[in-house]
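Here's the structure we're looking at; comments come further down.
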Amino acid sequence: MRLLKGVRLASGEVTDITIEAGKIARIGKSKESGLDCSGLIALPGFVDLHTHLRQPGFEASETVLSGSRSGVAGGYTALFAMANSDPVADNASVVEQVMTLGQEAGLLEVRPIGAVTKGLGGEELSALGLMASSAAKVRVFSDDGHCVHDPLVMLRALTYVKGLGGVVAQHAQEPRLTEGSQMNAGALSTELGLKGWPAVAEESIIARDALLAEQVGARLHICHLTTAGAVDVVRWAKARGIQITAEVTPHHLMLTEDLVRTYDPVFKVNPPLRTREDTLALREALIDGTIDIIGTDHAPHSSEKKDCEWDQAAFGMVGLEHAASVAQEVLIESGASDWERFTEVLSSKPAQIGSLGDQGSLKEGQEANITLVDPAASREIQAETLSLSRNNPFAGLTLKGQVVHTLFRGKFSFRDGKVKNA
Amino acid sequence: MKHLTSIRELDRASAVSILDNADELAGVNSREVKKLPALRGKTVVNLFYENSTRTRISFEIAAKRLSADVINFSLATSSVSKGESLKDTAQTLEALGADAIVIRHPMSGAAHTLATKGWISGSVVNAGDGSHEHPTQALLDALTIRQLKNSGSDLKGLSVLIVGDIQHSRVARSNCLLLTLLGAKVTLAGPETLLPQTFREMGCEISHSFEEALETKPDVVMMLRVQRERMQGSFFPSEREYAAKWSLAGERLKMLGKETAILHPGPINRGFEISSAAADDPRSAVLAQVKNGLSVRMAVLYKLMAGEG
Amino acid sequence: MPVRTVLDSSDITRAVKRISHEILESNSGPMDLVILGIPTRGIELAERIDAALAEIDPAYRSSLGVLDITMYRDDGLNAERDIKPTQIPTSGINDKVVVLVDDVLYSGRTVRAALDALLDIGRPRQVKLAVLVDRGHRELPIRPDFVGKNLPTSADERVNVMLSRTDGEDQVVIEQ
């Protein structure tokens, strides 16, 4: 039995939470003594619909274990692992392997994402059904890293995945318009002599896929939205009744392209950092619900892939350990929203999109996946986190909000700043 | 001033000072003893990832005229992707005591990365990084224009027309920044596919007609090299069409004023972006550019390196 | 800061005249003389010496120039100083008697640099040194041939030479 005393819920109510046999037994004041959690906010454990755990294949950058450790430090109780490993997760064996690695790490739930196409090649559908019926019970399919650019392949994928009760998560990037692209296309890319990645390459794919999803009556999820124009397209699609959901990363909410002037590859990411106007539009959309969730797109890279010329460097940023602080900055510190919305974007909505039934809410009878945050704590983000990689563009920034404890299935996975295994 | 990786690192005063010093140093090249001891005992490394004999030799002579020791490190472009990382090369050169590294690299930002990552303690001179900048080229162009037009310490009141594949040109970018910094009015001209509107935000005018641009009677016309490989990227239909609309030849050459200076960063594609007649025209300042390149590079090396005690 | 005037306008004029006489005497006449001023104030002094020589001896043919030594300094603080023009008279310095002119002789390093610069330009028959003030504290074995005034100073004193064209007035002062 565990008792969290004096927590504040997202509703504002201060109460106690009693945990028994891995489930939330009771939410209500208790006369017993327990862990003093005064000053902390209790939220349903965070769920990341977009993480790169790099295993199998790129263990120098991250492993399922190290990614899990970084995840629990960030308050996560579930991570959806993208399929661009080596070998690609396009069949039942690889997804089951990733799932098993997650169980062995035992810190949070690792849900493998299945690739939409074989080898991420964009041409032939991968073993979608076999992955869905495997032990890994895959429901989210994505070629992230690559765009499913062929409209016919996308149409087939949407149709097929609909039948599996799943969702296709598209990385929207028209490849012909972004060959060799390095940063956002605009006046700055012109001046810096770096090949531009135009907004239209993202927006046109979203619009196309929304119409395809409408035609099929399928769900569609858009990964890492980055432009004001993309927000407009999603808004239009939702207004039409299309079952589209959208995600934004912590870095696109807070960082802009002018950081690229430093030519420091820690700021190199795909899709790229955009303009201030874009970040403002993304924030507004997250607040008003046009964007449904925050997905970290945690993309660790070992140092030799970032300690080099810009063009040579890999795309990606880590993000598991500061996502909650960014959410707090955008939703709470701004005064524009509240902890209920916070819960939606980091826990309940991603769990819903990923068909993760037993996560995303704090309710009696539910599995006890709980994150306890100290909203008043302020900290300077360090490059070094529990991830194996240090490509952290937030290093040096000071943000409010710190995850103090994380509980997974009733047990502490992270307690007082340390990863635990019991 | 420790590095020169971009014109943005200069203000008007320091740019003029480099030009003035270059003018003085030019005298050394016509003396009996073509040497000054200013950089004696220092080592300059030419780290060239792209083939460029002319620029490399210019920097080499400049360093030697100042009595520095010169090491040439020429790597084929394939080394960038397959071979030793820039970091390892830089640290090797640091261990060998390089006081300055002159770097030419096919990727934009490479010079800035070399200067700011903390791998080396010496100075970095950008000899051309991808499509980003080529600061010493702009400085020698500015010096040439200043001499030809007798415009005083800077280029106030002068108009310069730069023509060609602007999109991929580091010479265009550096010149855009420097010539406007020195008070000139710069117009960039080229086909729409090779000249995006965003260049306006760098302080230049844009034109998509060579003839219209020439009608404004610029004081200087600078022709840029065009890589024939641009054909493959669907930038323009054919060499013939490009030459027909954008080369300095025939009727357009006749539109130039008697005092208009013709500049070209070299090497010239005779018959492509510039006709033989234009290249050999008495208004062509190409040889002055080469001479000034040497003295400008001496001035830059001196400015960056002589200060260390 | 106490300031003491050690040479006033007429002192300077007399010194220039005497130095010019001494130059002609030691050279046994005006032949093959080249007067080179070291910037900044050496230039104005060289011009005055050149004018005085012409006044004293009508056979003197003016051969006046400027020798900038920025690129030959050994004090490592170079790069902040702009290189100034060097102007050698068209008749050159080969086989000539070059008189270097500077305002203050102190450590001797400026003159050492001037000798190196001179030898990279040509091969003079003789090189002589004329200074308005010698304030001692030599760090190199350099001695002047013609001196306006010997001024023993301590190292914490500053000798300020002011000349009319550069500073508006003629005087030499010492500051603590």
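Should a chain be cited, it is by its letter among A, B and C, assigned in written order, with residues numbered from 1 in that chain.
Heads up, the rule we're going with is that a residue touches a chain if its C-beta (ideal position, glycine included) is under 8 Å from a C-beta of that chain, and two chains touch if they have at least 3 such contacts.
Bear in mind the structure is a predicted one, so any value in this text is a computation, not a measurement.
Engineer: By CA centroids, point me to the most central chain in this structure.
Structural biologist: B
Engineer: Of the other chains, whose C-alpha centre is the longest way from the centre of chain A?
Structural biologist: Most remote chain from chain A, centroid-wise, comes out as C.
Engineer: Can you check how far apart chain A and chain B are, centre to centre, with Cα atoms defining each centre and the answer in Å?
Structural biologist: For chain A versus chain B, the centre distance works out to 45 Å.
Engineer: I'd like the Å distance between the centres of chain A and chain C, where a centre is the mean of that chain's Cα atoms.
Structural biologist: About 76 Å separates the centre of chain A from that of chain C.
Engineer: For chain B versus chain C, what separation do you get between their C-alpha means, in angstrom?
Structural biologist: 41
Engineer: Help me check something: in the complex, which residues belonging to chain C touch chain B?
Structural biologist: That would be residues 68, 71-72, 75-80, 82-86, 116, 120-122 of chain C.
Engineer: State the interface residues of chain A toward chain B in the complex, per the touch definition above.
Structural biologist: Residues in contact with chain B: 182, 186-187, 189-194, 262-264, 304, 307-312.
Engineer: For a test of understanding, state which residues of chain B touch chain C in their complex under the given definition.
Structural biologist: 1, 17, 20-21, 24-25, 27, 31-33, 35-38, 66, 299, 302-309
Engineer: State the interface residues of chain B toward chain A in the complex, per the touch definition above.
Structural biologist: That would be residues 80-81, 85-87, 105, 107-110, 112-113, 116-117, 129-133, 167, 170, 173, 196, 198-199, 201-202 of chain B.
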